[in-house]
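Down below is the structure, laid out as structure tokens.
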Amino acid sequence: MKPVIILNFKAYREGILRMEEIVESAREINESGIAEVYLAPPLLYALKISENGIPVLAQHTDAISYGSHTGRIPPEMIGSAGLKGSLINHSERRLTLADIEFIISRFRELELISVVCTNNISTSRSASALRPDFVAIEPPELIGSGIPVSKAEPEIVEGSVRAVKDVNPSVRVLCGAGISRYEDLTSALELGAEGVLLASGVIRAKNPGEKLKELAGIEP
Amino acid sequence: MKPVIILNFKAYREGILRMEEIVESAREINESGIAEVYLAPPLLYALKISENGIPVLAQHTDAISYGSHTGRIPPEMIGSAGLKGSLINHSERRLTLADIEFIISRFRELELISVVCTNNISTSRSASALRPDFVAIEPPELIGSGIPVSKAEPEIVEGSVRAVKDVNPSVRVLCGAGISRYEDLTSALELGAEGVLLASGVIRAKNPGEKLKELAGIEP
Amino acid sequence: MKPVIILNFKAYREGILRMEEIVESAREINESGIAEVYLAPPLLYALKISENGIPVLAQHTDAISYGSHTGRIPPEMIGSAGLKGSLINHSERRLTLADIEFIISRFRELELISVVCTNNISTSRSASALRPDFVAIEPPELIGSGIPVSKAEPEIVEGSVRAVKDVNPSVRVLCGAGISRYEDLTSALELGAEGVLLASGVIRAKNPGEKLKELAGIEP
Amino acid sequence: MKPVIILNFKAYREGILRMEEIVESAREINESGIAEVYLAPPLLYALKISENGIPVLAQHTDAISYGSHTGRIPPEMIGSAGLKGSLINHSERRLTLADIEFIISRFRELELISVVCTNNISTSRSASALRPDFVAIEPPELIGSGIPVSKAEPEIVEGSVRAVKDVNPSVRVLCGAGISRYEDLTSALELGAEGVLLASGVIRAKNPGEKLKELAGIEP
């Protein structure tokens, strides 16, 4: 299976300014078949990028149905807008256990991709019991640090992979926090993860488009 | 001054299905000069409608700056995406006092339109001290009721207008909750408001495009 | 093992007015050895009841440590005040997955009792992976209904027991929502639960002290 | 009018360990008539201190009524437990504008003391429009810093006093953040405030009881 790369734009200004070249690199990587890239831009830009033919994940979805809700996005709208799925419970947007379960269940019915973020082995185990498509383990203290979790705390990645597969072998594990280089991706794969979730390492790089391709293993 | 009509799509499925005809009616009304219509679609669709030349308000903005925030939209992004402003503190998306103040201040610097929703005379007075462009008074028990606040509790509208103008005469007052007909708009204006904020009365109508034009006073 | 009865006072006025007789009945039941009663009064009254020698659970604990936090109670303070543990993630006070895990972990180190509330089989399974002492399954739609979950949806109780024991046999399951009579307790035990969590069925009864004893199986 | 001193224990361990001597000093100051001290201990300890005859404020109250709420304290319970009032909207426990208004209104009916915390001149003005008893201005960046706001940003205190009195002369202003010495209290009074709100400066002092008396102006 090809490694999965999810690029979270967060609310970085750089991501908006350099959106075009990032989109272009994502397309190139996906066409090369070397990896499977998903972009997670701010909600305002999600539809636009998705209509460009790039697989897009929302950064957040709300645990509601269509209806009388202001400033919220239900799972059904993620689907009807053509997005592929969503990050769920990112450390910068934590959700209750009941809401995580609601969103994952609806996504399963709607055939949308659920990527639940977790912060340690124990929450990874717990999240995998809800049967999401992906669990992305991101120790909060390493987010944005430039220190890859695969180097700083490889045992958290290995432990999470073990815990998740033990509960539910079909859940895939991503490795997040501090990821920026090709070797961070390969280390993650060696530890048993099936891909990476990253943000600033690419978005805030001098040449984010080039950086993304390097990360995927395309020689400059 | 022309009456202001803000149409909140909420997360109603109907708003997405009938988006085109609603956009068309908004354009027609704005071109006629009879009223000033702003559309507040779900965040996912805001950019698309805005690029169609219709003035768009976000349904929600977060009290943050550009940076490491996932699933959030800073005021600066509202501006750089070309939206005109945002609803703030809608009853379905309440904010802290500190966050409301932060967003209004940034909007003032960025020349974006701030529409703060309030639930009674006292919060209307308090909100107007923060100098937003609009205070939209919406008694929560009337939202989605079909009973216009201008009829059910005209004293709340009059009292809010008085309280707001007393604190800050340049803040404009909108009347929300239960609005669906032309006479609800004219009643609101008679009570001293400068327009209306509404949602289901148009969005869930049989012919939302027609309904919006009727509301604005365009004969069918 | 004796059945466990956790009585949540919520913020009912009746619980405060009738506190003395409820405390007296709890003492009587505990001394009889027929069941194990824990009282969960409002935080303001927890210390007072605990100092009367009744085992007390907090209604809520925060996912923090001692320090600069206002209006919050850390796990350590639950212990140093002499309480036995806490309800965690009650449907009226939902917590994030990360916070639930934090509190359960700290409680384990501090030898405090963790009672995690869940809303369906899937969240029961997920919560049990965090190794709390108890999972209390309470379908939100039945809370305060007077219709016991053991009657309305016995399959949710059985399914939760199975799911929890499958993940971690040492986690005990409580049955909540709609409980008020002795036969609700015995039904819960027959479905595999080890006790009940209840509130209005006793607290708002005409004679809450008597009602509690009846629930425990003490003949009037 | 005597200066008001509100001592927030936060969730500091020191406050619990040294509770007795702090209570003793508060009593001594209040009996001396030199100042008016209110203690704001963690909710778990509020009743106990209050029953010792010291005026107690809760650190937080919820915007609810008596009823089906778990882990929450309604205004009515603050009163029936004998507390004098509550901090509202502390920077570590921010509330929505609607909730702040709800609590202040209920407190007025129940004759409880409302102390609303604010973070700048603009929110001070806005909060005073809700007619609380006190507005406590605390620039968040100075909380726990040891640098008194009266020294670091005197213009914020003066500006808040002016803004508050302009909206509602009967609202009293307290000066918070970085307060620890008698001269911080006198500076606050000189800038037009009517007292101080403080925490770590006394609670974490070597001898918190002595420190509190010094702060109030009692020579050691």
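Letters A, B, C and D mark the chains in the order given here, with residues in each chain numbered from 1 onward.
As a working rule, a contact is a pair of C-beta atoms (placed from the backbone, for glycine too) under 8 Å apart; a residue touches a chain by one contact, two chains touch by 3 or more.
Everything quoted here is computed from the prediction, not taken from an experiment.
A.B. asks: Which chain has its C-alpha centroid farthest away from the centroid of chain A?
C.D. replies: D
A.B. asks: Considering C-D alongside B-D, which chain pair is linked by more C-beta pairs in contact?
C.D. replies: Spelling it out, more C-beta pairs touch across C-D than across the other pair.
A.B. asks: With touch defined as above, tell me whether chain A and chain B contact each other through largely the same residue numbers, more than half shared, or through different ones.
C.D. replies: Same; most numbers are used by both chain A and chain B.
A.B. asks: Averaging over Cα atoms per chain, report the distance between chain B and chain C in Å.
C.D. replies: Chain centroid spacing, chain B to chain C, equals 44 Å.
A.B. asks: Measure off the straight-line distance from the CA centroid of chain C to the CA centroid of chain D, and report it in whole Å.
C.D. replies: Taking the mean C-alpha position of each chain, the two centres sit 34 Å apart.
A.B. asks: Once you find the CA centre of chain B and the CA centre of chain D, what distance in Å lies between them?
C.D. replies: 37
A.B. asks: Residue numbers in chain A touching 2 or more other chains?
C.D. replies: 91
A.B. asks: Which chains touch, pair by pair?
C.D. replies: Contact pairs between chains: A-B, A-C, B-D, C-D.
A.B. asks: Write out the stretch or stretches of chain A touching chain C in their complex.
C.D. replies: Touching chain C from chain A are residues 89, 91, 94-101, 105, 118-120, 122-123, 125-131, 167.
A.B. asks: Along chain B, where are the residues that touch chain A in the complex?
C.D. replies: These residues of chain B touch chain A: 8, 10-13, 16, 42-48, 58-60, 64, 66-74, 76-77, 80-81, 83, 87, 90-93, 143-144, 199-200.
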